[in-house]
Amino acid sequence: MFEAYPAYILNGLLYASLLFLLSSGLNVVLGVLKILNLAHGSFYVLGAYLTTSFVALFVATGLPIYLVYTQILVAAAVAGIIGFLFEPTLLRPIYKREESYQLLLTFGILLVLSDVTKIVWGLGAKVAPEPFKLLGSFTIGGIPFPYYNLLVIAVGFVVFLMLWFFFAKTRTGKIIRATATNREVTTSLGVNVPRIFTLVFVFGCFLGGLAGALAVPMQSIFPGLAMEMLILSFVIVVIGGMGSLEGAFIGSIIVGIARSFGIVYFPEIELAILFIIMIIVLLVRPQGLFGRRE
Amino acid sequence: MFPKSFHIKPILGLLPYIIGIVALGLIPPLTGSTYLAYLVGLAIVLAIFAMGFNLLFGYTGLLSFGHAAYFGAGCYAFAMLMKYYHIQSFELLFLGSVIIATLTAAVIGYVCVRYIKIYFSLLTLAFGQVEYALVVKLYNITGGTDGIRVMMPTLLGFTFKDKGFFVTWPFYYYILAIFTICVIVLWIILNSHFGKILQAIRDNDVRVNFLGVSERRYKWYAFILSGVFCGVAGALFAPLNGHIGPEHVYWGFSATPLFIALIGGHRVFLGPIIGSFIYVLVRHYVTAFTIYWELFFGAIVILFTLLFPYGVCGGISLWLARRMKSAKTSL
Amino acid sequence: MASSKDEISKNILVTRNLKKYFGEVHAVDGVNLSILEGEVAFIIGPNGAGKTTFLNLLCKWLEPDEGKIFFMGKDVTKMPPYKLTKMGIGRSFQLVNLYDTLTVFDNIRVAVISRLGRSGKIFSLVDRDKEVAKETEEILKTFGLSDKKDLLASELPHGDRKLLDVAIPFALKPKLLLLDEPTSGVSTEEKDPVMKTIVSAVKAAGTTALIIEHDMSIVFSYSDRVIAMHEGKILADGKPKEVQENKLVKTLIMGE
Amino acid sequence: MGTYKHWREVKFLSEEKKEVSRRKFLATSIGTLVVGAVAGYAGGYATAPGKVVEKVVEKPVEKVVYKPPPKRPVPKEPIKLAYRDHLSGALAVRGEWTKRAMELLVEETNKEGGILGREISLTFHDEAIPVEECVADFRRLGLEAKVDVIIGTTSSGVALAQAPVADEIKTIYIIPHAASYKVVMEPHKYVFRTNGHTGAVPIAMALYVLKKMPDVKRVAHIDMDYAWGRDNWNVFIATLKKYKPDVEVVAEVWEKVGEVDHSTAITKVLAAKPDIVFNSHWGGQLVSLVRQAIEYKFFEYTTFVCTVIEEAFPEIGPDFPEGQLGAPWTFYWEYPGYRWNLNRWFVKKFIEKYGVPPNYPCMQCAAAFFAYKTAVEKAYEVLGEYPTKEQIAETLAGLAYAHPGGMNRIRREDHQALAPPTVGVTKIDPKWNMAVLHDFEVISAELVYPPPFTEPLEWIKTW
């Protein structure tokens, strides 16, 4: 039985990487704009649907097949641009408003986007298998494991490093963190805060779209996933600590591994395992693993 | 930066309330349509649910994401008491459901009120989803996703055969009576000493500690009271709908009272009631005519949050206040 | 100087070796203080001397790291703020935060309701409670806010907001009133009338008061006793005259 | 196309219920000659709809010369048919298919004069709204819009909620998809179900596994963690254990509805090295499970046994592994060897219009549509005037009728159609460039349907 352990751990890391990518977008927007973007799940769905269309188009063009992975980034970018439509028009007027208004507005966007995807891509399940099939799989501990999954784990890790480096080391990163801590002061320093907010929101949507784009080749995308993905990103953001990237990264790994071994040893638990972890963290350390107490 | 609060002195005293209740009472005799009676009954039940939710949201400043858990507790208590204990009398079932819903709210509330702002909301969401997972998993007791069928209970000892008649006449007036009591009780609570303290907690919960009032304990009392109203709504909903399932505990359903409160106006007493009628009627005719009802609803939500942040009643009160100049008015 | 048992019972408030650290910063570093019933004492000192922190420790906004607090002879170090307030300590806030969407009348009424112990009454209409209304009107009159009682707290000019901020704890009829710079942000010519209203109300009710204030002219014209703090410790404590002459106070605080 | 074995005993359509021993069925390889009987009987009885039907019915069936009563005129206004399905949300995957099927059925039938000359007006309604909205909308259709018949519902929860309401609003409610056996556990006058349920199809699946792989021992399963998945698995494993008590369950996985990441489930199952892996996934979840399983070389290590396998055929296309056992739940569009007019007509029209063969949700729609159509025509024949809703309901109870998916007999007691489930093995069909079921068997209804109002697990205990 133990020879399957490496496979379970790899599966755990795979789920952790997807969780981190999914929640990083929400985390960035929450950390800087102090907005809990309920429509974040819709950008995951958009990224996925766009990938299915772009990959299908790409395969039709007959270009060398190994370039199909570019379509994943293209789809994520388009998802980010769609985010650009919403931020200046709808979100900017209510930054000063009470928190419940921001939540409700993003909930409205979630509803609108879920029907838009239905109108554009229809009601059926869509797949984009080429990137997944291309790399084949190897066996570890007697159990086959696709190479594509390793790619996703790697991307998750790389994105974490890039984000950490961006916010800790680069100038713009520091400016964004300053805006997050105190808008008024940063505005007085001559920083164009509204533009920073738009940039950050678009970047959040891009990350959400990237998670969807990376996941769809392994899975499939069908209407109604936006709410599921939103709850998953909630759990990670809470466990890791609001707006904390290190927290989300470590939190994703804990949840990914816990879920993987949970399925193996307690099959009944799969439905509630995420929420139980979330409640334990909220009770023991409400600010999350790495968050700061407000 | 926030709108003017509303002095609770209603403009024309209790007149609008009496007219409203009488008008609702005339629907069955005038129209005699089972369908309309069912729809209005549903609107009233959701109004009670939204009033319970708004006691926390609009008057104590606590935004809960998992309120469907207490409404669902009321529904499931009603259905399971009827199914496993073969209780037929509505009054007994009603009492049992309200008690169980209130206990659920008390237990979950005790833990959640320790936290503020987004932590509170997410913790209520998490507890709500754990209850949802329990309801789906214990499927040999709760029927899981198939839910449980709710027969017609006996009202004051009378049994009924035809569900159509049951919904249009006896149960309709039963709901209306309970609704009137709920409105009066809530109005008194919100205008009582306790109500005033809750509003102080809404504006500045930390400072309330320095008035000699334990902020945490009073938030908990408010949470329990809210649980009572959710239990009442759940207990009325089960026989009206005839069938209850896990979707009444899912967090998606928790967004309904938030919709209703914000559309109606969460800072006005009448807000959730008017909001509920608007919600049920608009939602109902939209879903009947288009499969893209989510688009329609999303647009309404965005419109209201941007242009009418105070909701319908809030907007009307503001407009009246401006025109009446002197007294601060409110519906 | 160890205070003996009887000193605790005689004074309304006694602190023993009270300490509070924020990382290495010793905001309050071992303060021993006794306040007599009915005294109006002012606390002066440069910014960062630990004045506000000390006040926050007394009303349990902050938990002390070390030391003990005795109020009316009882050890209240471990008591939560709302119990302490019930026993008789009221406080105002340096950064004014009122009940913004309630009317001025309601801001005071909430305090009166709590004082009369009626906050738990669910089925009694507060508008019909004559006693609460009468008492609230009195407080409004003493603080000169009667004509603005139907305005919302957020609609008041700054001076009135400051007054309201003091009126709320005063409505609790506390035995000890802690005021954190009640006149800060008020225009200079208005500072004196505001302080006069406050001190006369406090004196009339015989309440002990501990007031943090920067404006020296006000301090020395209204205080019975002045306590000078510097870097978390008490530099000098006594009659206004004595403290004014004290060399240390002159150099460290007055900066002469 | 695969070989088609004839079944020896004609079981079907004999009114008296002869107790059939399952052991005999297994010992003498394939049991009842169902499809053959179906084809023969159906072929003669009802070919293309519309004009041909009148001809057949007039031929007197009994020896006694039967003089049909004078025909009174049929009302002119169109028959209002409301179709309800999940047209949004996670279950919308089927909505797209069933919408196509219903549009085709109504369009073609109207071209040939509708039912008894009355044109059919079809309206679509979305069921992916909270249940109480569904129920309210259902009432509105019956009371306000006064529709003649409501066909639809995929989720059993909604079907259970709406069944009592159908009697309340006295409107015929035919359920083509919702498959929980609980839906027909209580008698309802106006409610009929025209496809197999979770108490029957898993039994057929188990019998087929026992026949195909008699030496199966190690069994694993991945199922959705709600009533549907639970019923499927419990009935399947109970049947298997009844015949082979030494069968061992080596790995269990319960997945939440809407789960997209199956990697851990697949790894756990592979680690247990099972002979077969039972599964009742459907919709997008089945598609993503098979998609991931292929990359995990799942099908080289074990065999898939899936009760709703056809759902994944179009999306997975030629990658679908061959040799997997499966059922299209109840009806399949292609009966190799035996095609009768209704089946040929419906499949030809469907492919003409959409370029893709109709999958099982479409066949289920057709089964429901023809149930109503045949009942109305039969009632009109007997009464001589256009039947009321009540009369149509009485005709439907106990009605035996043909439809493109096979032959149904709706049981009088609980209005459940004894639709014989079809099972087969997957094989890639170059014509459609996707997998199809071949090596086909139709398992007689008496073997798999529990008697009215009995729990399937209790019934299995009594074998």
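Per-chain numbering from 1; labels A, B, C and D assigned in written order.
Note that in this section a residue touches a chain if its C-beta (ideal position, glycine included) is under 8 Å from a C-beta of that chain, and two chains touch if they have at least 3 such contacts.
Model, not experiment: these values are computed from the prediction.
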By mean Cα position, the chain sitting nearest the middle: B
Centre distance in Å when subunit A and subunit B are each reduced to the mean of their C-alpha atoms: 34
Inter-centroid spacing, subunit C versus subunit A (mean Cα positions, whole Å): 50
Distance between chain centroids, defined by C-alpha means - subunit A, subunit D (Å): 39
Centroid distance [mean C-alpha coordinates] between subunit D and subunit C, Å: 78
Residues within subunit D bordering two or more other chains: 87-88, 225
Multi-chain contact residues (two or more partners), subunit B: 2, 136-137, 252, 292, 294
Set of subunit A residues in contact with two or more other chains: 114-115, 118, 268, 271
Which chain pairs touch, all of them: A-B, A-D, B-C, B-D
Subunit D contact footprint on subunit B (complex, rising order): 33-35, 38-39, 42, 136-137, 139, 143-147, 149, 162-164, 237, 241-243, 245, 247-248, 252-253, 283-284, 287-288, 291-294
Complex contact set, residues of subunit A against subunit B: 36, 90, 93-94, 96-101, 103-105, 107-116, 118-119, 227, 231, 234, 238, 242, 268, 271-272, 275-276, 278-279, 282-283, 286, 294
List of subunit A residues in touch with subunit D within their complex: 1, 3-4, 7-8, 11-12, 14-15, 18, 114-115, 118, 122-127, 129, 132-133, 136-137, 142-146, 148-149, 215, 218-225, 228, 259-260, 263-264, 267-268, 270-271
Sites on subunit B touched by subunit C in the complex: 2, 4-5, 7-8, 188-189, 191-197, 199-200, 202-204, 207-215, 218, 267, 328
For the subunit B and subunit A complex, residues of the former touching the latter: 1-2, 57, 63, 111, 115-119, 121-123, 125-127, 129-130, 133-134, 136-137, 251-252, 255, 258-259, 262, 292, 294-295, 297-302, 304-306, 309
